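Given below, in the form of structure tokens, are the structures.
Two complexes follow with chain A in common, the first pairing it with chain B and the second with chain C.
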Partner chain A sequence: MELLQMENITKLYGENRVLNKVSLSIREGEIHGLVGENGAGKSTLMNILFGMPVIHSTGGFEGEIFINGIPFNPKSPEDAMKAGIGMVHQEFMLIPGFSVTENIKLNRERTNPTLLSKIFGNKLERLDLSLMAKDSRQVLDKLNMTVDEYLPVAGLPVGYMQFIEIAREIDKEQLKLLILDEPTAVLTETEASQFLDVVRKLSEMGISILFISHRLDEIKEITHSITILRDGEMVKTIGTDKISIVDIARLMVGRNIDMVKAKDEERDIKDEYILELKDFKVNMPGEKVKGLDLKVRKGEILGIGGLAGQGKIGISNGIMGLYETSGTIIKDGKELPLNNPRNSLNSSIAFLSEDRRGVGLLLDDPIDFNIAFSSLEIQNKFLKKIGPFNLIDNRTVREHALKMIEELDIRCTGPKQHTRYLSGGNQQKVCIARALTLEPNLLLVSEPTRGIDIGAKKLVLDTLVKLNRELNMTIIITSSELGELRQISHRIAIIYDGKVKGILPPDASDEHFGLLMAGETLDKVVN
Partner chain B sequence: MNSLIEKIGVPRLIIALFLIGLILVAVYLKIPLSSLITDILVRFGMNAILVLAMIPAVQSGIGLNFNLPLGIVFGLIGALISIEFKLSGFFGFIVSILIAVPLAAIAGYFYGKMLNRIKGQEMTVGTYIGFSVVSLMCIFWLVAPFKSPELIWAYGGNGLRVTVSLESSMAHVLNNFWSFKIGNVKIPTGLLLFFALCAFIVWIYSKSKKGLSMKVAGSNANFALSNGIDVDKERVWGTVISTVLAAIGIIVYSQAFGFLQLYNAPLYAAMPAVAAILIGGASLHRAKIIHVIIGTLLFQSLLVVALPVINVLSEGSMSEVIRTIVSNGIILYALTRPGGDTA
Partner chain C sequence: MIVPIIFLILCVAGFFFTGLPATFLMNEMVIRLARNLILVLSLIIPVITGMGLNFGIVLGAMAGQIGLIVITNYHIGGGLGLFLSFIISTPIAILFGFLVGKVLNKAKGKEMITSMILGFFANGVYQLIFLVLAGTLIPFRNKNLLLSSGIGLKNTVDLAGIRYSLDKLIPFHKINLGFFQWLSRYPIATLILTLLLYLLVNYFLKTKLGQDMRAVGQDMHIAEVSGINVDKTRIMAIIISTVLAAWGQIIFLQNIGTLNTYGSHEQVGLFAVASLLVGGATVDKASWKEALIGTFLFHLLFIISPLAGQNLMNNAQIGEYFRVFVAYGVIGVALLLHAWEKEKARLSIDDS
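And then the complex of A and B:
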């Protein structure tokens, strides 16, 4: 009996097609794995199923959903809960000051009538704490949890919080389908294996599980069947025993990349290092780097890839000193002081932030000022001396901006236009222009094409390749899009759990990339 | 037409229209325009520097400086000391400023350090610090060891008067400097020139490398950080300059007014200054000299013209009521703008 059927689900965000005719069906008691890269459409699919408001505020979706054969169209998470769907989120939705019991029974409290409630309605009934605790104990026992149900949630280990979230979901009597969104991401190995046991137990109790994870070995171990998404398309639904981890990885990543590189572009890059990182740690929230070693050769484009949250973004931010950093950075043979952005800029390093609008631009200042400011601040350019004053020289700022606008083809009404009103691609070009004005020999580029339309993407990437080729600028490009890394990089380092998992040439196979991104070693590939 | 209204801004348009209406009524009531214009010029000159003090505060990112009283009390101390030593005229005025500026700078430095610990709450905390400083100084005025009979109560003993007359010291030194008459309108040349000088210094600073760093730190702290700017240091700088300008501003204000007002007088000094710059078109994140000039002119003209007109038309001190409504209303309006759009 099919518990859930989703048929031909299509979702557009504006012009952007994030899901295209995806179908999915789950039997009762089945554990179904959902895998795909970041941006493959997993979260959007779950948001649709759970009736999240973001779906309806952006124009709804196409396609049909059936639960037990009955059409189901969730307008809000409440609808979904009523239909027996529960979701455990990646971020915990627990109230730290409340006890375990109070969190589990939140909004479904057991109550006794009181005098006041008889007059003013049942909102004023008294909580029956002992009954609530008994209920909680029951569900916690189901999960093999020994934690005291009266403890406050604040201060419990993260693993416990995960279990409490699940306890809350299975305490709902009508629960039929539980969505687990990367449930093991925050758990230690033993916690994770304990957790998987619980998931199995739930499935035996007849609850269907939709299991989203980047850890392919878990998926392989626990699920009955798997759906693989890629770029919003459904690649395959298949029984777990009929597919190997290597094949899953290949299907996840696999993409027809046009290897545009002609042979004559293969330049001779010597083993001369412009930058070395040793035991490099960056404390960037959500993107921690945990003791990484990496060498960057002079004149290469080094791609840094990996899944979100594994620490790839932290590397560039750490080199620039924007987040607390420890370890050693050696630039051009000299050790670079840590946690000091000005020193990094002085050592001919420029940085294009992944947060273009937040860090990369002064949105309410004109283009020319944006382009000139870094070099004015760091290198004292664009200044003129009048008496004792060092004033900004508006004429040279403007001339320089006009030159850059022409070179990089920035579409704008003129150098005085405020950057807020530019399109994403043109904003990125202003950032590039600002970095170039510093005349760096090492350019750190973070997510350069995020939020940019396809045409502008190509222009930005072409610009980077041109800089590398013509000015012999070393470029470290960090991107979630493996495709674009493979298009322009000479080598690609895949980051997993804050460390380099492996370095691959851009023409390595899809399996290799997929496995490294999932944290597997390459020995699994049988050559 | 719409774009023109947008460019001028609705609040400025309403206030300007109201002002023109008041002037027409004043003409109709045969209130002499020449004296009104003289008053407007004087009140513009005496208030403009206090309004100017908002600019470095906004530019460095601490928002509107509701803690103007901090600078003001040190300006008052400067003036009191110069009177104690029986200095008068220009010399007294300059000495007051020379004493007040370093004191205000030190106070501004510590206040700026404190603001770095409460980012995001600067305006609320500033208001209360201002109130506390004024109260603290009330004690100081009572116990300060000043001896000059000009300053202490007429019956002797300890403690300063509530209002100290500057008639024998520095009253009107700037107003009368190079002043001349066009018809019946008296132009307070010195006063306006002194404001022009201060405004010019602030303008030059905002075009200099140091000033630009401060401005960038104020408009996008993350951007500034990634360009190697010490954002906290820039915020302290902005606070120091703002506090120093407040100290100079109150000395200029007092010499034009003819009295030093002690005790509770500085309590609400920040409100009209904040209101004026907001009327001029500044926002919480953006302020220019032109906003100071337009805002002070509109705000002060409104008060000057409204006073005689309303006193003729109705009874009591309606102009004070109007001042309060306009200044607090415009502050409220500006603070409700999402993201600090131009008010």
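And then the complex of A and C:
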């Protein structure tokens, strides 16, 4: 019998269609896998099902959801919980200062009535800590957990925390469907295999499980059926035993862009390195780099890909010294001092940040000043000296801006327009213009097309290719969109768990990319 | 833990220079503790709810003063007058607390500065009402309260009618026994009420609502996802804080005996916050222990420092400067320490 049916779910964020007619159904006790790249719409789908506020504050969704055949329209997490849906979020939803018991019983505390509660309402009922502890012990035992239920969560190993989250969900008596969003991402291998046993046990107890993971072997091992999403579209729903890991990887990545790469001039890129990273570590929250080695050849476009959270974003930010960094960076044969953004800029490195509006632009300043700002600050360009004072030479700033606006085709009302009012693509071009003004020989580009419409995307990418060809500028482009990396890069490094998992040519097969991104080694595709 | 120890050392050192007898000092301290403990208590719940130090208790103090002005206007004194002022000030404090809570929910993460500015703003409205509207739009029966022009409240309101009405509620002085005569010198009833309120707050933190507040204080997002109504819980915390502050201010003023119409409430937030911090509390951690220790040390220093200044430098003013310096200084240091420890915690999370 179908427990959950989601039919033709469509969700728009503004103009952006993140889910398009996705359907999903799960039987009682079934473990259903949900896979897809970042941005494929997995999280959005789960947020809809769990009634997260972000869905309704952005205009709701289209389509229908049925639970046991009854229409269901969750408006808040509370609604979803009442309908028997539990969710273990990707980030821990545990309160560190609370004990294991308090966390398991969070907002479902056992209470005893008192005199005050009879007067002022049941919010003033007294907590019954011993009863709460007994409940917690019971569910922890179900999970074969020996942890003391009175310990504070703060000092526990991450693996334990994941189990405590599960314990909280199964403590809810009416739980019918449990959503697990990348539950094993933080677990060690033994913990993960224990965890999978627990999941199986839950399924035997009749609880349906919706299992989201990037680890394809896990998906293959534990699920009964799989749904694959790509770019908000449902690619396929299929029984797990009817599909191989390699096929899953291929369907996930898909070949949705034509290889428009102009093969006309396969420039000869020599084995001369402009940048070398050795045992490179960056402490960027959520995007940690953990001892990576990478060599970048002069004159190439190197793509850096990988799933979110694996550390690809951390690399450029680390090279620029924006986050705490250790290891060695060798630029043009010379060692670059770490953690010093000014020095990096002085060494002919320019950076287009993924945080365009936050780090990249002075939103309330005009275009011309934005373009001139960095070189004015670093290289003392655009200054005129009057007596002891250095003043900004507005005339040269303006002339330079006009030149850039024309060259890069920035659509604006003029060089005095504030960058806040430009579209995403044009903002990105202003960033590029500023980077060019620094006259770098190495350009780091981070997520250049995020939040930009398709037309502008192409322009930005074309600009990068042009810079590479005409000025022989080395470009390191970091992007979550594998498609665009494959479109313009000469080589693509896939980052997994803070290290380079492998380097592939852009015309390597989908399976190869899919497997590397999922942290598998390539021998699986040899056959 | 370092802050209370430093203050203890300061107090002990200062004590030797004052030349005061210890018994006098202790008598004075008992009275001051009774006067101030409830005001400091009012800060604890917002701290636990993660809203920082609620400088907005100034509004609670105003509510208390409004209650006192009303009963003085109708010449109601004694225990009844005091009781009535509690009754009148409570709904006003609830309203103020609700409004402050609403505003603070719009300024999450910036509660402290917002509540401080709200206090200044409310002071303006308060002055408008009692300086301009009193005697014109708002009729006053007791003409002694008004300035000679008939408009606006006098600078000081004599609270002789209710002076010591709580402190001496239990008539020990009528019992002609040495022990009870000795007891009658202390504000026993006030201390009992203070103890009861401390127990009540402690009990309250063990209820479902108290647990919700602790959850909200630790992590708003997780609390929200667990289905706790975060905004409502925060408003409740501020309402309780404001009501306690109103009561605290009434108790403070019945001991002092005069109301400085335009000044009594101004320093309430500052001194209560400083007291709590001296006790070793931080922006996100406070309990009754810190309130008690802090109030004791802070006011001990208040008594000692002018005298020590007089004896050391022949200038009482130096001690006065010192205690203002201490009040602001301790708040500044506490905020700095908080920022520093937050940074440290962030880094240690990254390392793991």
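Following the convention adopted for this analysis, the second predicted complex is superposed on the first by the 525 of 527 C-alpha atoms of A that agree within 3 Å, B and C clash if a C-alpha of one lies under 4 Å from a C-alpha of the other, contacts with A are read in each partner's own complex, and residues count from 1 in each chain.
Methods note: a contact is a pair of C-beta atoms (placed from the backbone, for glycine too) under 8 Å apart; a residue touches a chain by one contact, two chains touch by 3 or more.
As the structure is a prediction and not an experimental result, all values here were calculated from the model.
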{"item": "Contacts of A:L131 with chain B and chain C, given as first, second, both or neither", "value": "neither"}
{"item": "Chain B versus chain C as contact partner of A:L459, first or second or both or neither", "value": "neither"}
{"item": "Touched partner set for A:G97, first chain B, second chain C, both or neither", "value": "second"}
{"item": "Partner chain(s) touched by A:M320 [first = chain B, second = chain C, both, neither]", "value": "first"}
{"item": "Partner chain(s) touched by A:L402 [first = chain B, second = chain C, both, neither]", "value": "neither"}
{"item": "Residues of chain A touching chain B in the complex", "value": "320, 322, 340-346, 351, 353, 355, 358-365, 373-374, 376-378, 380, 383, 389-392"}
{"item": "Touching residues (chain side chain C, partner chain A) in the complex", "value": "203-204, 206-209, 211-212, 214-215, 218-219, 222-228, 350-351"}
{"item": "Residues of chain B that touch chain A when the two form their complex", "value": "204, 207-210, 212-213, 216, 219-220, 222-223, 225-229, 285-286"}
{"item": "Of chain A, residues touching chain C in the complex", "value": "53, 76-78, 81, 89, 93-98, 102, 106-107, 109, 111, 114, 116-117, 122-127, 283, 285"}
